[in-house]
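Shared between the two complexes below is chain A, which pairs with chain B and chain C, respectively.
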Partner chain A sequence: MVGAACALYAARAGLDVALVDRGPVAGGTTGAGEGNLLVSDKEPGPELELALLSLRLWDELADELGPAVEYEPKGGVVVASAPEGLAALEGLAAEQRAAGVEAVDVPANRLRDLEPHLAPGLTGGVLYPQDRQVMPALAAAHLVRASRARLLTGRTVTGVLRTRQGAVRGVRTDRGDVHAPAVVNAAGTWSGEVAALAGVTLPVLPRRGFVLVTEPLPPRVRHKVYAADYVADVASDSAALQTSPVVEGTAAGPVLIGASRERVGFDRSFSLPVARALAAGATRLFPFLEQVRAMRTYLGFRPYMPDHLPAVGPDPRAPGLYHACGHEGAGIGLSTGTGHLIAQILGGGRPELDLTPFRPERFEQEAV
Partner chain B sequence: MNPLELAGARPEPAFTVTFDDRELQALPGWTVAAALWAAGITSWRTTRRDGRPRGIFCGIGVCFDCLVTVNDRPNQRACLVAVRPGDVIRTQEGTGHAD
Partner chain C sequence: MPTDLAVIGAGPAGLAASIAAAARGVRVTLVDAAPSAGGQFYRQPATGLGARRAQALHHQWRTWTRLREGLDRHIAAGRVTHLTDHHVWNVERTSTGLTVHALSGPEQETPVAVRADAVLLATGGYERVLPFPGWTLPGVLTAGGAQAMLKGTLVVPGGRVVVAGTGPLLLPVATGLAAAGVAVAALVESAGPEDFARHAGALAAQPGKAVEGALYTARLLRHRVRILPRHTVLEAHGDDRLEAVTVAALDPAGRPRPGTARRIPCDTLAVGHGMLPHTELADTLGCRIDGVAGVAVDDEQRTDVPGVWAAGEATGIGGAALALAEGHIAGRSIAARLSGTAPDPRQWERVARSRAALRRFSTTLDGVYAPPAHWADQVDDATVVCRCEEVRAGTVREAVGRLGAGDLRTVKLLTRAGMGWCQGRICTPGVAGVAGCAPTAARSPFARPVPLDVLAREPLQEGPDAC
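== the complex of A and B ==
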């Protein structure tokens, strides 16, 4: 997704773009996502600024591509089941409001106006009207098409071409070289490997997540609905399994149930404990789901960075190499802003946001 | 030739199920899809958006095209669910859920 957005904005800035992908479009983490465009789960700071920029750009793209990518400005509802959780949630919402996020406190007795099928007994919640959803595989495909970039799928990057002085001059693939004065590394969870081909380190790690998919249903879940502890899970550094319920309907009918996080490498095996925990969490929020059949699960690997911020910008260790990766579970949402910023710096301009927090070499300096 | 004879099969006695109130005979061990096919029925669902007919596509539980309502429970995969005596099988329209 991030690669597709970089291609689109770079092409619209007048650059000649080739997209190289080892697999098909959306064959990696994009195809395993839920398509969340969220501000609700982000604390004030650089990631939230990138999210707000990205949302603005998604709204613009929706004018062109909205129905094709199942763009739904549905809003998010975060709910708390205990007073302490609600206090923390409302505290976060107040900070987010100060940072430009729309966030509306919802008392317990109004929650069912928003979501008629929510469980009774919740303490309250916050409505985030800006949260949105797309169908990520469609979004990536349509952005690629709209970019008119040369699309080279099924081609594995095996090397990064560099001049004797060290400047990046393109990539070597298993089916020939692609020459370019600038290379953008948007390989998602595999970006660390591409960086290594250029001789630089980038600590991207896989953080596995499962999604449960129900049978198709009539519209019953209107917003993206999740429990307040999800925000803490997202920000956690733990490698152990964490699950917090995230429930959303889709345009096609199935309800998607997340979210799990665990660091187990690239292990693709099914995990019954995770599926159980997801189902239990979802039925706590929406009791009617007990009677609904889960058809399947899918899993993916979020590109996790040690400080939960992506790497966006030029790499001074390899002139001509740019990174656009490490967005963890927020890559669909943050892709447009990332692509826009990358296009601005590729074109020699000043990026609209300060890229200092996203510097790809920041971990090297910390290690010293 | 009847495949049962070909295989030398001696199945247990047939039993009755209904499909949209029509009585069908089925043999133990058949799937719902087998019972429907044996009765010449190839479509038992309509799609959610355009109401187009659907039946068996992959036949191995992967594609979810053959969904059907069995004993009031919608979205059963006809190709996987074993048919049992007295099953009430119904054409599934849309999601199969009310409202």
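== the complex of A and C ==
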């Protein structure tokens, strides 16, 4: 998704773009995502600024691509089940409002106006009208198509070409070289490997997540609904399994149930305990789901960075190399802003946002 | 109390394994979705049909009687517990062994868990049906479905029937229907005599099978059923339901011969294109799967996951006789391994030889029975290829042509083909063919849909002694 967005905005900035992927379009984490475009789960700071920029760009793209990408400005509802949780949630919402986010406190007795099938006994929540959803694989494919970039799928990058002075001048693939004065590393969870080919380190780690998919239902969950502890899980650094209920309907009918986070490497095996925890969380929020059947699960590997911020921008250690990766679970949402900023700096202009917090070499400097 | 061995599937492989293991002192829990043992092949009840089958397929009928009696004896002695109407949705590896998770009850909502030291996956196969224009019309059913109606309920499809497609199932289906008094208008088989001639040597090595085929053919001729080898169904016609099919002869390249198309009026079309193995439970357990061929096993029928064996169609489509041989070997291997000894394969040498011969034979059949090479060309853009999600062939082609999908997973993501109720079990071969990508085995950690409240709570253990 991030690569597709970089290709689109770079092409629109007048650059000649080739998009190289060892797999198919949306073959990595994009194809395993829920397609969340969220501001609700972000604390004020650089990531939220990138999210707000991205949302604006998503709205523009949605006008252009129409329903092909299943874009739904449905809004998010975060709910709390205890007074302490609600206080923390409302505190966060107040800070987010100050940062430009629309956030509306919802008292307990109004929650069911928003979501009629919510469990009784919740203490309140916050409505985030700006939260959106998109079908990520369709979005990636349509952005690639709209970019008219040369699409080189099924080609594995095996090396980064450098001049004698060290400047990047393209990539070597298993099916020939692709020459370019600028190389954007948008390899998601596998970006660390691409960075290593250029001789630089980028500490991207996989953080596994499962999504449970139900049978198709008539629309009963209107927003993206999740429990307040989700924000804490997103921000956590723990490698152990964490699950917090995230429930949302889809245009196609099935309800998607997340979210689990665990750092177990690239282990693709199914975990029944994780599926059980997801089911338990979702049925607590929406009791009607108890009788609904789970059809399947899918899993993906979020590109996790130690400080939960992506790497966006030029790499001074390898001139000509740019990074656009490490967005963890927010890559779909943050892709447009990332692509836009990358295109701005590739075109020699000043990026709309300060990229200092996203500097790819920031971890190395800390180590020194 | 946990069981020693959980056998999933009470078809030929599962029954042979249960009996072989129980006879060697293993406590067996046989878990099966059907109300009675037999699987697809020995589907029950067969009252009334029994005499007719016994006449035509005497050796198979005798085998079934022996299996049934063996099972009853072990059940009576308490060595085998038979859980009928239990639908297994997942097999879980735990720190202490394996747990088989099933759903029972009229709505399949009651969770049942069986703890076992060893599991045999005898999950069988299912029919492959490739799409063609009109295949979703009422009146079109699978060849296996027609046979199940005949064997299971003794209800026969009404009116004139055309049996079409490819594979060894078509002959017995057409014969069975004709013998039951149904007017079979034609048997349309895309394999031709030259395909059989090419493999004459290997086929002759199984004289029993050849005799079986000759018997079927003779009976079809007696019932005046028209056999159209090297033909295919191009289209099924009808407004609300099936009224006719257009069939055409195939040229050596597998394309319809111009000028040979003709219309055959019919009320029912029973169509099938061979079988595929059920591999989802194995896949979720992490067993190695050989593409779409089946679960990979060694000479003892062991998968590469400790404690998990597989036998029968799940390890590759080969028919009931092969399933019996594999099941028997699996049962003996499990009995030895559970008692901590390595089995001596010489003890089942005769069965192993028969297994080898039957596997060679089924490989030969795979070469004989193949859908026409260019079948997907006949599928026009308007034809629905995924019925659950109502995805048309044109949408799949667009995902490949315009959106750059080059593999089945991407096609699925971009079109929703294979994401519906059947989870791709029915449509995957058709979608792959239309997309021009390699087919992959259907995958889901849930071999069948499971209610979220069942998933949400840890089930009580249930084994032979807890029932």
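Rule of thumb we're sticking to: the second predicted complex is superposed on the first by the 368 of 368 C-alpha atoms of A that agree within 3 Å, B and C clash if a C-alpha of one lies under 4 Å from a C-alpha of the other, contacts with A are read in each partner's own complex, and residues count from 1 in each chain.
Just so we're on the same page, a residue touches a chain if its C-beta (ideal position, glycine included) is under 8 Å from a C-beta of that chain, and two chains touch if they have at least 3 such contacts.
Quick caveat, the model's predicted, so the values are computed rather than measured.
Upon superposition of the two complexes on chain A, a steric clash is found between chain B and chain C.
When the shared chain is aligned, no partner comes close enough to touch A:201: not chain B, not chain C.
In the superposed pair of complexes, A:276 makes contact with chain C only, with no contact to chain B. By the touch criterion defined above, A:295 lies against chain B and chain C together after alignment on the C-alpha atoms of chain A. Once chain A of one complex is fitted onto chain A of the other, the partner contacts of A:215 extend to both chain B and chain C.
In the superposed pair of complexes, A:81 makes contact with neither chain B nor chain C.
By the touch criterion defined above, A:173 reaches neither chain B nor chain C. Partner contacting the larger number of chain A residues, of chain B and chain C: C.
Comparing the listed stretches 5-13, 95-103 or 419-427 of chain C against chain B after superposition, the clashing one is 419-427. Shared contact residues of chain A with chain B and chain C: 215-216, 252, 293, 295.
Across the interface of their complex, chain B is touched by residues 215-218, 252-253, 293, 295 of chain A.
On chain C, the positions that touch chain A within their shared complex are 90, 92, 101, 284, 286, 389, 399, 402-407, 409-410, 413-414, 416, 419-421, 423, 444-446, 449-453, 455-458. Across the complex, chain A meets chain C through its residues 23-27, 31, 137-138, 141-142, 144-145, 151, 153-154, 212, 214-216, 252, 254, 257, 269-270, 272, 275-276, 279-280, 282-283, 289-297. Only residues 48, 64, 67, 74-75, 94-99 of chain B touch chain A when the two sit together in their complex.
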